[in-house]
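The structures come next, written out as structure tokens.
Below are two complexes that have subunit A in common, paired first with subunit B and then with subunit C.
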Partner chain A sequence: MNTLITSLARLLIFPGLLFAVPAAWFFLWVERKAVARMQGRIGPPFMQPFFDFIKLLGKTTPERGGVAGMLMRAWPLIAVSSAAGAVGLLPVLPASGGFQGDLILLLALLEMPSMCIIAAGFSSRSIFGEIGSAREAVLSVSYNIVFLLAILSIAASQHTFSLSALAQLPSSPLRWLGILALLICLPAKLHLNPFSLPNAEQEIYSGPMVEYAGPELAMWELSHGLEWVAATGLVATLIAPQVTLVWLAILIFIAISFAIVLLLSVTAAATARLQIDTTVRFYWQCTLIFAVLAVAAVLFMRYVA
Partner chain B sequence: MNILTMLWTNLWGGSRTMRFPLRPDVTEHYRGLVTFDPALCSGCAICKMRCTAKAIEFKTGKGEFTWSYEPGQCTFCGRCVEGCKDHALSQESACPPIYLTVGELKKSYTVARKPPAPRPVAVAQPVVPAPTAEPAIGGRQ
Partner chain C sequence: MKLWNKLMCYSRSHSPWLFHMNSGSCNGCDIEIVASLSPRYDAEQLGVRLEGSPRHADILCVTGPVTHNAAAAIRTVYGQVCGPKAVVAIGSCPATTNVFIDSRTLEGPLDKHIPVDVFVPGCPPRPDAIILGVAKAAQILAERGNKPPAESVMIPIAESACCKDGCACAAKAEEVQA
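What follows is the complex of A and B.
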């Protein structure tokens, strides 16, 4: 019974929906504001992501019949629930439970919004949507190998697939190597420059989002924000030192996530969008070698040393 | 590394954009709203013909004409001002005001036609002697 209540509290209160939704809007604002300030613009006001969400909820959407219409309405909802579930799994609080293999579930849930974006672009039957989906699919294949290998190297170095166990164990140099690989993958996962290919506004009019409006677009925005919280939160839980005080653990988690958001914003502001072949080459040639080396080193240390 | 320096400078250098309803300063030869001086206008309607955006309307009545200007349609190209031989039109050097309803800034003037200027009285011309066949001495051909 206690496990059920704890799980529900994690999913619905902290770090779940009650925390994650405002945090998603806050991170979206931080990213937009930081990029704007670095480009010499004033940027949006603090409440702008919330206002955007409310405004989009109040709009009507065009009628779409048939299975394609039903699917188009379903994809953003699946993306939001997956991203919210991923945030709920993060072991932010000390002794917050968790189970063996929750890391694999978290990775699957983190990947769901990306899959939904691919499906949404093809469901929309728009040429821009289809191009965006194809780009997202290629990008996903490229960065996910590095992302998964990085997570695998961390998990193998600590002999566990439980997130809370991973977070509690002391860090090692190899773990930092994995964290670095994860950080390299984050801009691609969050569609930020220089890997903002699937949602390139100037080229393909936001790609898979081009046919979306109103509450469905609001859900996509929310899902994107939740992805921010989940992805930065995953790295933050791996970096954060273990403390017994609950409020201090929350504070450290938020501070590290905030720092990662700022780092990603600087990267986005300092770079221009790369071409798809350059992006694929970057992940397959440069970082894949890096990730494979990390896994090989971990396995070598585990079985030989 | 240059880009990072640039970003750092921008971060602390203030923003070049501003939040509504603040407006940026205008440049020296800024072309703002068209202003009309009914006292100078002769009602030739050249401005209406030169306005490609159809922002200027001109209606003639009995002994008067109505000149209207809709800034919502104006492209501020300045062709009307350029073509006004009476110098009755000019352009403000300030940003147009913010308005919320369509046609809020529209202006209309009904001007009485000026009576035609009196013709100059014909003066008797002195008779000029017909030129001779031979040029005068020292004169030039």
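What follows is the complex of A and C.
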């Protein structure tokens, strides 16, 4: 009973929906503002993502019949709920529970929005949506190998698949190697420059989102924001030092997430979009070696120790 | 419910997403739209975002005098924009077909095909006139909601000039009008 209440509180209050939705809007604003400042502009006002969300809720959607229409309505909802679930699993508070293997569940939930985007593009039957989905699929095949190897090296170096145990253990130099590999994968996971191929607006309009309008588009925006919170939060919990004070833990978590968002947005503003083959080559040739080395080093250390 | 309507009205006027459509324009107005998003004018301060898909847009910005080929496309794209929506005609071409008047390749002006809310005349209009037009369209959108469009608004060229009272160019505009 107690664990049920704790897990519900984590899913709905902190770090779940009640915290994550405003944080998602805040991070979306930071992204746009940072890009604007880098370009010498002033940028959107603080509440902009919130206004966009409310406005999209009030718009009409085109009528779509049949199974394809039902699927198109379902994908954004699945994406939002899985991203919210991923945020709810983050071990931000000290001694917040968790279970053996929740890291694997978190990875699966983090992957769900991008799966939904691929499916959404194909079910929209738009040529731009299909091109965008194909690109997203290729991109996810290339960065996920590195992403999973990086997580694997971190988990193997600490002998556990439990997130809260990982967050509590002192960090080793090998873990930093894994965190670096994770950071390199984040721009691709969040569709930022230089890996913003799936939603390249100058070439294929909005890619998989091209047929979405109104409340459904609002849900996609929200799921994108929640992905920001979950992905940066995962790195933040791995970096954050362990403290016993609750409010200090929350503060450190928010500060590190904010720093990562700023870093990623500035990188996005400073770079141009890469071609699909360059992107794939980058992850398969340059970064993969790095990740394999990290895993090999971890296994070797384990054998020696 | 009243509070929700108020919030929706405020949100609509603060987040106009544009879809830009060229109906045979000479590209003069199109680069002025881009200029209004550039660091000097920075329309994103008003929440403006140039969208790639008409499905995402609230405001349809049309440039050009509406050629034969563009007329059907304009009606299609207008239908693809989800309501509530507004239309801004940018430049003198969509308003009057400008110097191309009586050409046999044209089907303009624009308001023969779709209801237009704001006209921003000029050849090309200044970026600040375009921003003023978009802001006015966002205001119309917020007040009107899903109701059908009423009569259109014209942005006077002098009002949208770079400066207002006490400036040389405002005085000149008054002189010209007199």
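Here, the second predicted complex is superposed on the first by the 304 of 305 C-alpha atoms of A that agree within 3 Å, B and C clash if a C-alpha of one lies under 4 Å from a C-alpha of the other, contacts with A are read in each partner's own complex, and residues count from 1 in each chain.
Note that in this section a contact is a pair of C-beta atoms (placed from the backbone, for glycine too) under 8 Å apart; a residue touches a chain by one contact, two chains touch by 3 or more.
What you are looking at is a predicted structure, and each value in this text was computed from that prediction instead of being measured.
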Subunit C versus subunit B on the shared subunit A, clash or fit after superposition: clash
Partner chain(s) touched by A:48 [first = subunit B, second = subunit C, both, neither]: second
Contacts of A:258 with subunit B and subunit C, given as first, second, both or neither: neither
First, second, both or neither for A:32, with subunit B first and subunit C second: second
First, second, both or neither for A:284, with subunit B first and subunit C second: neither
First, second, both or neither for A:122, with subunit B first and subunit C second: neither
Which of subunit B and subunit C A:270 touches, first, second, both or neither: first
Subunit B versus subunit C as contact partner of A:176, first or second or both or neither: neither
Touched partner set for A:212, first subunit B, second subunit C, both or neither: second
Contact breadth on subunit A, by residue count: subunit C or subunit B: C
Segment of subunit C that clashes with subunit B, given the candidates 39-47, 57-65 or 75-83: 39-47
Those residues of subunit A which subunit B touches in one complex and subunit C touches in the other: 36, 39-43, 45
Residue numbers on subunit C that touch subunit A, as the complex places them: 7-8, 10-12, 14-15, 17, 38-39, 42, 44-45, 47, 51-53, 55-56, 58, 80, 82-84, 146
Residues of subunit B defined as touching subunit A within the complex: 3-4, 7, 10-11, 13-19
Contacting residues of subunit A [partner subunit B, same complex]: 36-43, 45, 266, 269-270
Subunit A residues within the subunit C interface of the complex: 32, 36, 39-45, 47-48, 50-52, 54-55, 57-62, 128, 201-202, 204-206, 209-214, 217
